[in-house]
Amino acid sequence: MSIVIRPLSPADEAEWRRLWTLYLELYETTVPDAVYAASFARNLSADHPDMNALVAERPDGSGLIGLVHYIFHRHNWREEDVVYLQDLYVDAQVRGGGVGRALIQAVYAAADAAGTPAVYWMTQEFNYKGRMLYDQVATKSPFIQYRR
Amino acid sequence: MSIVIRPLSPADEAEWRRLWTLYLELYETTVPDAVYAASFARNLSADHPDMNALVAERPDGSGLIGLVHYIFHRHNWREEDVVYLQDLYVDAQVRGGGVGRALIQAVYAAADAAGTPAVYWMTQEFNYKGRMLYDQVATKSPFIQYRR
Amino acid sequence: MSIVIRPLSPADEAEWRRLWTLYLELYETTVPDAVYAASFARNLSADHPDMNALVAERPDGSGLIGLVHYIFHRHNWREEDVVYLQDLYVDAQVRGGGVGRALIQAVYAAADAAGTPAVYWMTQEFNYKGRMLYDQVATKSPFIQYRR
Amino acid sequence: MSIVIRPLSPADEAEWRRLWTLYLELYETTVPDAVYAASFARNLSADHPDMNALVAERPDGSGLIGLVHYIFHRHNWREEDVVYLQDLYVDAQVRGGGVGRALIQAVYAAADAAGTPAVYWMTQEFNYKGRMLYDQVATKSPFIQYRR
């Protein structure tokens, strides 16, 4: 399958919203409209260089088939930022076709271009299908997450 | 034990460096001098509001007994930032005396004051002593970390 | 897919050996011939009622497509034995067709018939495909295994 | 602290029951009287060679300070049995004094004497104090337990 990975653009709003909603449903969660609006705007805006998004589509422009958000933030262990890859989603119909891998690798490339090569993400321990991919392109750390 | 928790101050550099070095040794790592310098400066500077540090000391001013860093960063699921609690350390001689708990609670209070109540941190699955405390003040999420 | 589950029989030796070898390869291990001989004999013999095996085949008798071993052993928390389900294997060509589930359910039925309904097994944390099935037919316990 | 490790004896019933009850309370469970009776009898009887128990006491005979059960059972990967170490308990007052370690090592010695050196046990992922010891005397496997 030929896949195009490119930055999110203003024309993607409906498709981005459709895919991200499907993603949030995997976590049995919803976000208010204000969060949709804020995140879409920030991921596009040059005023929010820490928030970025990439989307995947087929070369024929028939609609988005995947998305990923990535956030730059500070880290005390290094001078440069780190990259938090958040919200990786691939349309159910095209899973297993390399879209997720291509999105992760595009984040890696963006991280390298920014001089911030450290990329990490979080996933539920029981996200078996995701982890089959992640084990191929990254390393499981021994770190687990605690939340207030 | 009476404990004072306060923001990091310029006079703390030697003590902060001593404690943070002990912390990094737990992870069998080191950072270059440039990282010590950058992180100390950023945690103090108003030009870096995303990086902050608190320290613990006894009321008699006899030196630091604990430190914690916390970083504000964006998150797509909410309009406001989240707080990443990083580098919690308590001097070995005073462990079990409530210093770690007091530092975490001070980060919670700072997060609330900033209107960003979501606080999280990462710990190694086998950090048994830390987890004994964390289970009391937070919730273990099912999320594990992958790294490029 | 129509599946027949039945006890291991003496005529199954070659097919049982073929499948179990494939299973052991998943764990990157081998066992000596003496272990093949002992386990096959014990799983068949009435002199070893604690060791049992079931196999899966298609109704046309075209060869085995799955196997499972199960072992009865004592447990201090109950008067009756418990059942340790060991070595569940399904031929790669028929995975996803319900063979694994049918083998597990047949062990459950055998356990019930023996008056020893407690059945458990161990799996590697990263056995994603297996766990997709296990989450449907059993419960992940919080127990992890330590070995001398 | 000087510790004596010896097999369970008929005179230990009241002390064994006291310690085992404390152990079961850690798991927020109880067992009926029939299970106390059966397990005590079987752990003592030559008719049940698969069930065995060791106890720890001080040299002055002032009462039991620890217990461990261990069960021999079959395993398809080896001709000889394996040893399932179950129900390790140390009185709260003497924890950290080497009693748990001595009990585990005594099971190892019993396993070696029986020609069945493979010893394993299960523990809850969040049994932090236990795991501090287990990491010193054994290896955490990647295996987790599923239960019907």
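Just so it is clear, A, B, C and D label the chains in written order, and each chain counts residues from 1 on its own.
Here, contacts are C-beta pairs under 8 Å (C-beta built on N, C-alpha and C of every residue); 3 or more make two chains touch, one makes a residue touch a chain.
Not measured: the values here are computed from a predicted model.
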Which one of the chains is farthest from chain C, going by Cα centres? B
Using mean C-alpha positions as chain centres, tell me how far chain B is from chain C in Å, no decimals. 48
Averaging over Cα atoms per chain, report the distance between chain C and chain D in Å. 27
Measuring from the mean C-alpha position of chain B to the mean C-alpha position of chain D, what distance in angstrom results? 40
Specify, in ascending order, the residues of chain C that touch 2 or more different other chains. 126
Of all possible chain pairs, which ones touch? A-B, A-C, B-D, C-D
Of all residues in chain A, which touch chain C in the complex? 126, 128-129, 131-132, 135
Sort out for me which residues of chain B touch chain A in the complex. 24, 29, 31, 34-35, 38-39, 42-43, 48, 50-51, 69, 71, 73-79, 84, 86-87, 108, 111, 117-126, 134, 137-148
